[in-house]
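Shared chain: chain A. Partners: chain B in the first complex, chain C in the second.
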Partner chain A sequence: MMQSQFDIVVVGAGPAGMSAAVEAAKHGATVCLLDEQQRAGGQIYRNVAQTTPAQAKILGKDYLAGGRLVQELGQSAVDHRAGVTVWNVGEDGAVTYSRNEQAGQVRGQHVIIANGATERPVPIPGWTLPGVITAGAAQIMMKSDGLVAQNAVLVGSGPLLYLVATQLLAAGAPPKALVETQTRRNLMSALPHFFGAVKDWKQLVKGMRFLVTLKRAKVPRYTAASEIAVEGTDHAQAVTFRAGGKDHRIETDMVLLHQGVVPNTQISRSLKLDHRFDDIQRCFHPVTDALGQSSHPLFSIAGDGAGIGGAKVAAISGRLAALNALASIGKIDAGLRDTQAAGLIRSRQSELSIRPFLDVLYTPPEEVFAPADDTIICRCEEVRAGDIRKFAAMGCDGPNRTKVFGRCGMGPCQGRNCGLTVTEILAAEHKRTQNEVGAFRIRAPLKPVTLSELSALSDTIHQDKTQ
Partner chain B sequence: MKSSSNSATADTIVIGGGLHGCSTALHLALRGMKVIVVEKDRVGRHASSANAGGVRRLGRALPEVPLSAASAQMWQNIEALVDDDCGFVASYQVKLADTDEQMDQLRARAQQVRDIGFEHEHIIDQQTLRDLVPAVSPACIGAMAVKGDGFANPFQTIKAFHQKCKQLGVTFHEGSGVDRIERAGTEWSVQTADGTFVAPNIVNCAGAWGGKIAAMLGDDLHVEARAPMLIITEKMPHFIDCVAGAQGIPFSFKQFPNGTVLIGGGHVGTAHPDINKTDLNFEGLATYAKTAQRYFPIMKNAKIVRCWAGIEGFMPDGIPVIGAGQADNVFHSFGYSAHGYQMGPVCGKILSELVIDKASTLPIAPFAPTRFAA
Partner chain C sequence: MFKPLETPPSDEQLSFTFDGKPVAATRGMSVAGALFQSSTDAIRNTPVSGSARGPFCMMGACYDCLVQIDGVTVQACQIPVTDGLVVSRVPNTHKGAE
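== the complex of A and B ==
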C-alpha cells in the first residue's frame, strides 16, 4: 500500500514544482510530487535527463540547466510519482489522480500548485485545420519524440517563436518564414521599459542572437502582420496575411502558432481561488502574496501558474512556496521563513526585470482578442466569435452563460482553448472589464478520466479508510 | 450598475427564476397577468441547468403520477408553449432489473400504477429489452418501460421558458435576493437587493431556498439543500435511444444527440446553499461509474469530461410542496426533490390556476404545505 498522507503535496514537476519539493524535503517535510510526464522537468525542461548530445545541441544551454534540478530531486527524499494524471484537487487537500489506469489519492496538509503555463489560444481563421499546431507543441515533439516540423511557417509573437525557429534551424529544418504580429508601435511602447530590461542583459543578448541566427540562415521575417489566416479545406495549405501594405501568401502544410503563454488556471479555478486579470499580460492569474499563498489557506501557487515569469523565476518561487507551506504547517517558524525568503524575493525581483519590456514588446495584437465573426472560438463545440457576440446581444454577460446559449466551453477541454477569448469578446461587447466578466467555472475531472479508472477509486478510498 | 431605487407593481411576484418560477410566470402571463420574477442569482442558475434533463413518468411517486401524465402531454407539444422544442426527444424510459427480486418489485409497482388508473408503465421481458436497448448488459433480465418518455435539454428549456416569458412582458430582476417581505394593506411588498416590488400575489418557487422564503411569509416548511451529482462523458458513437434507470439503485443514464452520455440518478455531494457552492463526493461518483459499467459494459473505457453537482431542495417525504400558504394570496411550489424538471410545464399551469381561480384542475392535495403541520 502506497503512502497517502503527506505534509506537502506538490502538483507539477517543472522548475517550480521540483524546487518546491526539494526545498520542502530539505526541511524534513514528507513530500509527494505528482507529475503528468514520465520524467521530471516540466514543459521547459521536458525530457532533460534523457537528452542525447545531438538533441542537446539543438535545444541549447538553457534547457540543460534544468538537469541540475532534476538531479537534486532524484537525490532528495521526495516521493515523486511520475506519469500520473491529476484530475481533482479537493478543498481538503486531497489530490486525486490516475496512473496506469488505476486511481490514487494523496492528501497534503498543504498543497503547492505548480502546474505552469499554457499557450494562449490564437483564434485566427483556419486555426482548427489539421497541420496547424502551437509552437509549443512543435517544441514538445522535438524534445520528447525527436520529431521536427518541416517547412513550417511560424506565426505570432514572443520569445518562444524565435527559440523554436532557431531550434528548427539547428535540427536541419529551417522554417519557411516567420510571420510576426508585433509592430513598431509595440517596440516604441516597450522602450521605456528597456533600462529595466538591461539589468537582465544576458536575456537580451540571447534574444538578439536568435534574430541574428535566423537572419544569417535567410529565414524570411515579416513584421506587423495582420489579417492572418490559414487556408485549406481539410488540411492547412497556406498562410495568408497583410504586411508592409501588401497581401502575402506562403504555401505550407505546417503552421506553428504562438502568442505567448498564460498561467494554467484549471486547478486554481476549480478550487474557486481568487483570480485577477493582468492588463499587461492580458490573462487571469490567481491572487497570491509574495510567498505564493493563495486566497485559501491550504494552497500555495508557484511558478508560471501564478503569473508568467519564466523558468528561473519559477524555480525561485517554488522555494518561496515551500517556505510558505512549511511555515503554515508548523515545520518551520515564521522567522526562519522570512529570513530565508528575503534573499529569494530579491533575486526574483532582479530576474523579473526584463518582463515589462517583453510583455509590452510582444503583447498580442487586438485581432487575437477580437477575432472576426466567422472564426471558431470553441473548438470542441464549434462556436464562432459571431455566435458569442450574438449571445451577448441576447443578454449573455459571462462565460458560464455562453454554455446555456450555445454549449461554448462544454467540450473535453473545458474552455482551455476558448476561455480567455470568450472573456475578451464578452468584455468588449458589454464594455466591461475582464474581471467583471469573469471566467469559466472549472469542474472535475481536470483531465478526462475513464469510467473504469473512476470506479477503481472507490476501492482506493475504501482501503484508505480501513487502514 | 444596478440601481437600488427600483420600484414596480405587478399582479404577481414570482420568487425564484428557475424552471418552475419561469413556467409559473409564463402561465400567469398567458392569462393576462402582469408578472415580476425576482431571482437571487441568474435565471436557471441552479437545479434548472444542473439537472439530468429526464422527461419521465416512469417510477414517479404515486401522488405525482396524474401531474406527471398531464405534463407529459404538454412536453409532446412543448413548441406550442415556448416556441422551441427544448431539445425534447421522445423514446422510452426503462428501469432495468438484473435480479429476480428487482423484477418482482417492478411488477408490483406497475400494478400499483394500474390500480390508480394509469396504463403507461409496462413490464418487458429480456428479449424485448434487448431489442429496445441492444447495448444493455446480458445480465439484465427485463425492465419496466414507458413509451413516449425521454429527455430534453435543460439549458435549452430554461432559455426557451425565459425568452417566452420576456416576450409576454414578464419582468425579470436577476441578482435580486429577497431581504424582506411585508404586508401593505392587501398587497405584498418584496424588498430585494434590486429594489422593492409590490403585488397582491406571491408565488414562492425558490427551490432549495424555498424554506427561507416560506419563513418570511409565515410558513414553516423545511426543505433540505442537497447536491445531486452528474457525470458527462465525451462524445461516443450513438448506441442508445432510451433513458435507462435501475430498480432500487440510484442510476440514470442517457445519450444525448451530440453523443455525450449523462450519468446521474441520486448520489449527492455536499451543498452550501448560502454561498452557491457544491462539493463533489468521489465515492458517489465512483459508484455511478461502477453502476454504469454493470448495466452498460460498453462504458468501461468511456471518458468522463466533467462531473458537477447542482443545488436542489428536498422535502422530508420526497415530493414537492404545491399549494396555498397560510397568509392571503401566498402560494408555494418548491422542494421538487430532484425530479421537478418533467413537471415544470404542468406545475406552472397549476400555480397559475391557484393564483387566478383559487383552485387547480389537477389533484394536488397530497402536496399541500399543511401536511407538515405538527
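== the complex of A and C ==
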C-alpha cells in the first residue's frame, strides 16, 4: 500500500515545485510531489536529465542549469510520483490523481500548488489549423521528442519568440520569418522601466545577443505586424499580415504562435481562491502574500502559477512556499521562517527587476483581446468572438453564462484556451473591468477521467479506510 | 514540418501504428511528436464542424491531439510511444461525416 498521508503535498514538478519539495524535505517534512510528466523538470526544464549532447548544445546553459534541481530532487526523501494526472484538489488537502488507468489519493496538511503557466491564447483567423502550434510546443519537441520545426514562421511577441528562433537556428532549421506584433509605442511605454531592467543587465545582453544572431543569419523580422491570419483548409499554408504599410504573405506549413505565458489557474480557481486581474501582465493571478500563502490557509501557490516571473523566480518562490507551509503546520517556527525568507525575497526582487520592462514592451496587441467576429476563440466548441458579443447583447453578463448561451468553455480543455478571451470580450462589451466580469468557474474533474478510474478510486479509498 | 535533431541509435528506434499504418518513432517520443515527424499534422476532425485538427500545445492543456488507444480517448502528446502500440483516430462524429 502506498503512503497516502503527508505533511506537505506539492502539485507540479517544475522549478517551483521541485525546489518547494526539496526545501520542505530538508526540514524533515514528509513530502509527496505529483507531476503529470514522466520526469521532473516542468515545461521549462523538460527532459533536462536525459538530454543528448546535441540537444544540450542547442538548448543552452539556462536550460541545462535546471539539471541541478532535478538532481537535488532525486537525492532527497521526496516521494515523487511521475506520470500522474491530478484531477481534484479538495479543500481538506486531499489530492486525487490518476495514473495508468488507476486512481490514487494523497492528503497533505498543507498543499503547495506549483502548476506553472500555459501559453496565452492567441486567437487569430486560422489558429486552429493543423500545423499551427505554440512556440512553447516547438520548444517542447526539441527538448523531449528531439524534433526541430522546419521553415517555421514565428508569430507574436516576447522573449520566448527570440529564444525559440535562435534555438531553431542552432539546430540547423532557420525560421522563415519572425512576424512580431510589438510597436514603437510599446517601446516608448517600456522605456521608463529600462533603468529598473538595467539591474539585470545580463538578461538584457542576452536578449540583444538573440537579435544579433537572428540578424546575422538574415532571418527576416517584421515588427508592428497586424491583421495576422493563417491561410489553409486542412493544414496551415501561409501567414498573411500587414506591416510597414504593406500586405505580406509568407508560405509555410509550420506556424509558431506566442504572446507570452499566463498563470495556469485551474486548481486555484477550482478551490475558489481569491484572484485578481493584473493589468500589466493582462491575466488573472491568484492572490498570495510574499511567501505564496493563498486566501485559503491550507494552500500556498509557487512559481508562474502565481504570476509570471520565469524559472529562477519560480525556484525561489518554491522555497518560500515551503517555508510558509512548514511554519503553518508547525515544522518550523515563525522566526526561522522569517529569517530564511528575508534573503530569498531580496534575491527574488532582483531577479524580477527586468520584468516590468519586458511586460510592457511585449504586451500583446489589442487584436489578441478583441478578435474579429468570425475568429474562433473556443477551440473545443468552435465558438467565435462574434458569438460572445451576440450573447453579451442578449444579456450574457459573465463567463459562466456563455456556457449556457453557446457551450463556450465546455469542451475537454475546460476553458484553458478561451477563458481569458471570453473575459476580455465581455469586459469590452459591457464596459466593465476584467475583475468585475470575472472568469470561468472551474470544477473537478480538472482533466477528463474515465469511469474505470473513478471506480478504481473508490476501491482505493475504501481500502484506506478499512486499514 | 519536423526533422530529427540527430539520427537515433538503432536500438532506440520503435514502430507503432496509426489507423493501421506503420509510424516510425524514437524512444522517448510522444505519440503526437512521432506523428508530426511522419508529417501527419491533421489527426482528427472536430465534432462541431468536422474541420481538421492536430496537436497544438504539446503539454496536455489544449486537448486538440486526441486519439484512441485500447478504445480510450487520450491526449497523443501525453503518451510515450511504445513498440507495437496501436493508435487510432477518434471517430468522426460530425453530422456531415460519412
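Convention: the second predicted complex is superposed on the first by the 467 of 467 C-alpha atoms of A that agree within 3 Å, B and C clash if a C-alpha of one lies under 4 Å from a C-alpha of the other, contacts with A are read in each partner's own complex, and residues count from 1 in each chain.
Methods note: contacts are C-beta pairs under 8 Å (C-beta built on N, C-alpha and C of every residue); 3 or more make two chains touch, one makes a residue touch a chain.
Since this is a predicted model, take the numbers as computed values, not measurements.
With both complexes superposed on chain A, which partner does A:294 reach: first (chain B), second (chain C), both or neither?
neither
According to the stated criteria, A:272 is in contact with first (chain B), second (chain C), both, or neither; which is it?
In the superposition, A:272 touches chain B alone.
By the touch definition at the top of the document, which applies to A:412: first (chain B), second (chain C), both, or neither?
The answer is both, since A:412 touches chain B and chain C.
Counting residues of chain A touched by each partner, does chain B or chain C come out ahead?
Between chain B and chain C, C touches the greater number of residues in chain A.
Applying the document's definition of touch, where does A:340 land relative to chain B and chain C: first, second, both, or neither?
It touches nothing on chain B or chain C.
Between chain B (first) and chain C (second), which, if any, makes contact with A:450: first, second, both or neither?
Touch status of A:450: both partners.
Show which residues of chain A both chain B and chain C reach, each in its own complex.
411-412, 448, 450
Residue numbers of chain A touching chain C in their complex, please.
Result: residues 36, 38, 43, 47, 50, 52, 54-55, 58, 85, 101, 118-119, 128-134, 136-137, 140-142, 144-150, 171, 173, 234-235, 253-254, 264, 379-382, 411-413, 416-417, 447-448, 450 of chain A touch chain C.
Flag every residue of chain A that touches chain B in the complex, lowest number first.
Within the complex, chain A touches chain B at residues 88, 90-91, 96, 103, 105, 272, 401, 403-405, 407, 410-412, 414, 443-445, 448-452, 454-458, 461.
What does chain B use to touch chain A in their complex?
Where chain B meets chain A, its residues are 42, 44, 49, 155, 158-159, 231, 233-234, 277, 279-280, 282-283, 285-287, 289-290, 292-293, 299-308.
Quick one: in the complex, what on chain C touches chain A?
My answer: residues 1-6, 8, 26, 28-30, 33-34, 36-37, 41-43, 46, 48-49, 51-64, 66, 72-73, 78, 80.
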